[in-house]
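Across the two complexes that follow, chain A remains constant while its partner is chain B and subsequently chain C.
Now for the complex of A and B:
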């Protein structure tokens, strides 16, 4: 029981890392990024390639995260430019199509270049016992990394002027512009930051389990579900929703199998939309 | 000349809202733009602020044209707009709203904060309160204060009295005349014409998108036509 719970929390934190990025890009840029899971996979693949080249695990991990960030930067400055010319629903729709297409390209390229590839750091993973639960230190480390990233993000958004500017754009873009804040530049920064957080999720996936090139769509879908349940404007909500859905997913996968687990997660998201229309739906209309 | 709007035409789609509008403001001068609802007053301010693209004509500020600049660029030049909607950040604190007002001028922020709190002591008391929980009058004061935080050269206010109780409006206009006395250039649109004419040096009467009359505010306040149409005095 408690071992499943622990696994759920570990997986949930990874989902939160993905979902918060989706939330930030949506809140700030008005684009629902359907290639977000691919950012994670590209980060992981880059880390694995760096490992093969003989870099140490830490350097490879940082390189992978940076690669995801660079990909995010490139997507914002090239692929999404046509979407940014529009506003509201038109931008959302064009953004969906562009990022979905891009996700196919990334998936196809990775499958073609790196078939049957997986990232695993294969570090020595001793088990330690905490409160009667045997925990793999790699899982603990992955969770710790995610929590540190979240603490950093919260501190950044709450305490720094740049972070406040980001919140102000999410809250009221017109007001932010009247303060002299450049929404486009801030948006680029956020897409880059969100991609790096996805990169962290991809790399840490390789830490406690293994990361395959085919995992992009799964990451995207789970990240979207978490973003919906968390309420797409709320970062705290997204963190909580990630952990919650991670636990639900772990138990459901264990007792009824992975496919049914997906259905349960989807039902969760649908129920949230019905009960809490202040979530994703509110911003669609 | 600090601000000069030259032969401006603007509209949404095919509907013309402004036709050949020319207005100007000297440094330290307070200008009122009055006129009925739908005369194009808000559009005029939005064009100056870079939020609406003019069809023809240009806005000159200091020694440059603002053509093609985005709203945030215009704001950074010290030409700051306070819309009637105020456009605050409701779930952020009063202090955070003010800090963001100083986004383009972080070094002067502490100094400006002291100045703004001196002008609106109530905001100092409420600085840790969320902006969305303030009363309408307090929100308008916060909007003006946020605009002042960056140390603007020109403050543009769209219908600042909207939705405020008469007592609050009187207080707000006392604050605005303090700002004017301190040398700030003001451009104010207003439905409450008597107030606007009392505050300002000169005024433009905008009707159906065109300037119908202009002159010294004191003289316009005595003009029989203005008195009849806008001041309700026969």
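Now for the complex of A and C:
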């Protein structure tokens, strides 16, 4: 019972890491990134390649996260330029299609270059007992990393001037621009940051389970569901929704099977869009 | 109408050109199926701006309903195919109605319909006792012997395409066509001029979904097997989106041209196997950024130049929003 709960929280934190990037890019750039899961996969694959080249696990992980960030930078500075020329609905539609196309390019390239590839940090995983639950240290480490990243993100957004600038753009892009904030540069920074967080999710996935090149679309969809349930403009909501959906998924998978669990998650997201389009927790943020 | 007849004549002569080769007959039949699907998507996305990312699920619903009812209830496909088509049309109309009712924009309707695609797939995989899961069901010998012969199947799908194009023509040349043009320009203005925007959007979605369903159900019998991979997102939604962009949105023959062009491209990249997905990605990006009018205006201009008249200026590109 509590083991399932723990699994759900671990998985949920990973989902939150992905979803918060989707939320940030949507809030700031007005683009719904359908290639977000692919950032995570690229990060994980890069880390695995560095491991094969003989780098240590920490250096490889950092390298993987950096590669995801570089990919994010490249996407923002090249692929999304046509989308940024428009505003509102037109930008959303163009951004959606462009990132969808890009996700196919990444998937196609990875499947072609590295078929049947999987990343797994072969660490010894001792079980430790906390409050009567046997936990794998790797899962614990992955969750800790996610929590540290989130704490850093919150501190950055609440305490620094750059963070305030970012929140002001999410509130009102024109107003922020009038105050002398450059939305384009901030946007590039955020896309890069979001891609790096996806990279963290990809690398930590390899820490407690394994990461395959075909997992991009699944990551994207799950991240999207969490972002939608959390409210596509709310960061706290996304964190809460990730953990909530992680737990729901873990219990549903255990009791009614994976297919039904997935259907429950999807219906949850659909219902949220229809009933509370601003997100399940919109009132509290 | 004259050009429709000419198109029908050209397509009707294809089997003679294929010379009875089963391989080319299958290619030509698949091209017809994608043409019909693209005509439907043109109505839903092109004319009424409803981003349905569940074409695979709508076609698949009709396909699975037709096949499963035929097997479980021992009904003739002549009964079950209309049931499947009705189910697809009802679902399409429902999504359209909900999206107007809740004021979902393009993106949220896209997410809702994408979620429906995934629900459909998990349902098919989960309801193993009816659908046989990943393996799928064999549809040979269920009562459509004509759809088991290459040439006869080709003409059946040609008839389905003709129905789709005639319905499209009837819609566009009547009052509803005017309404579609008005609401694709500006919904609010259309609503204020007394056009029933909700009604026309639901109509477009229902008719489009019915065409998707009819072709999907016939495809299920033609293909010999229905499985989740027959009706996949990458196998239906993406090719149809690319074909529509390639041919030209909001044009009568764009979907037909686009589906032919797409079939040729796909045949060209087939030897490279896994690279098809990559090519889809490149096509999506290039078409959406650089080639948004599609082939149809080019062909119209070429044929006008051939006849020695001046081509009408293309005005299909929407003005950029400030």
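Basically, the second predicted complex is superposed on the first by the 278 of 285 C-alpha atoms of A that agree within 3 Å, B and C clash if a C-alpha of one lies under 4 Å from a C-alpha of the other, contacts with A are read in each partner's own complex, and residues count from 1 in each chain.
Please note the rule applied: a contact is a pair of C-beta atoms (placed from the backbone, for glycine too) under 8 Å apart; a residue touches a chain by one contact, two chains touch by 3 or more.
Treat the numbers as computed from the prediction; the structure is a model and nothing was measured.
S.K.: Is A:269 touching the first partner chain B, the second partner chain C, both, or neither of them?
M.R.: second
S.K.: Answer with first, second, both or neither: which of chain B and chain C does A:89 touch in the superposed model?
M.R.: Once the two structures are laid over each other on A, A:89 reaches chain C alone.
S.K.: Once the shared chain is lined up, is A:32 touching chain B (first), chain C (second), both, or neither of them?
M.R.: The answer is second: A:32 touches chain C but not chain B.
S.K.: Does chain B (first) or chain C (second) touch A:105, or do both, or does neither?
M.R.: In the superposition, A:105 contacts chain C only.
S.K.: Contact-wise, after the overlay, does A:5 reach chain B, chain C, both or neither (first, second, both, neither)?
M.R.: A:5 sits against neither chain B nor chain C.
S.K.: See if chain A has more residues touched by chain B or by chain C, and give me that chain.
M.R.: Comparing touch counts on chain A for chain B and chain C gives C.
S.K.: Flag every residue of chain A that touches chain C in the complex, lowest number first.
M.R.: Going by the criterion above, the answer is residues 32, 79, 82, 85-90, 92-94, 96-98, 100-109, 111-112, 115, 221, 224-225, 228, 257, 259-260, 262-263, 266-267, 269-270, 273-274, 277.
S.K.: Using the touch rule from the top, collect the residues of chain B that touch chain A in their complex.
M.R.: 49, 51, 70-72, 75-76, 80-83, 87-92, 96, 99-101, 103-104, 106, 146-147, 150
S.K.: If you look only at chain C, which of its residues touch chain A in the complex?
M.R.: Counting only chain C, the residues touching chain A are 51, 98, 102, 104-108, 110-112, 114-116, 118-119, 122-123, 125-126, 234, 238, 241, 274-285, 288-289, 318, 320-322.
S.K.: Within the complex, which stretch of chain A touches chain B?
M.R.: Spelled out, the residues of chain A in touch with chain B are 161, 164-165, 167-168, 171-172, 174-183.
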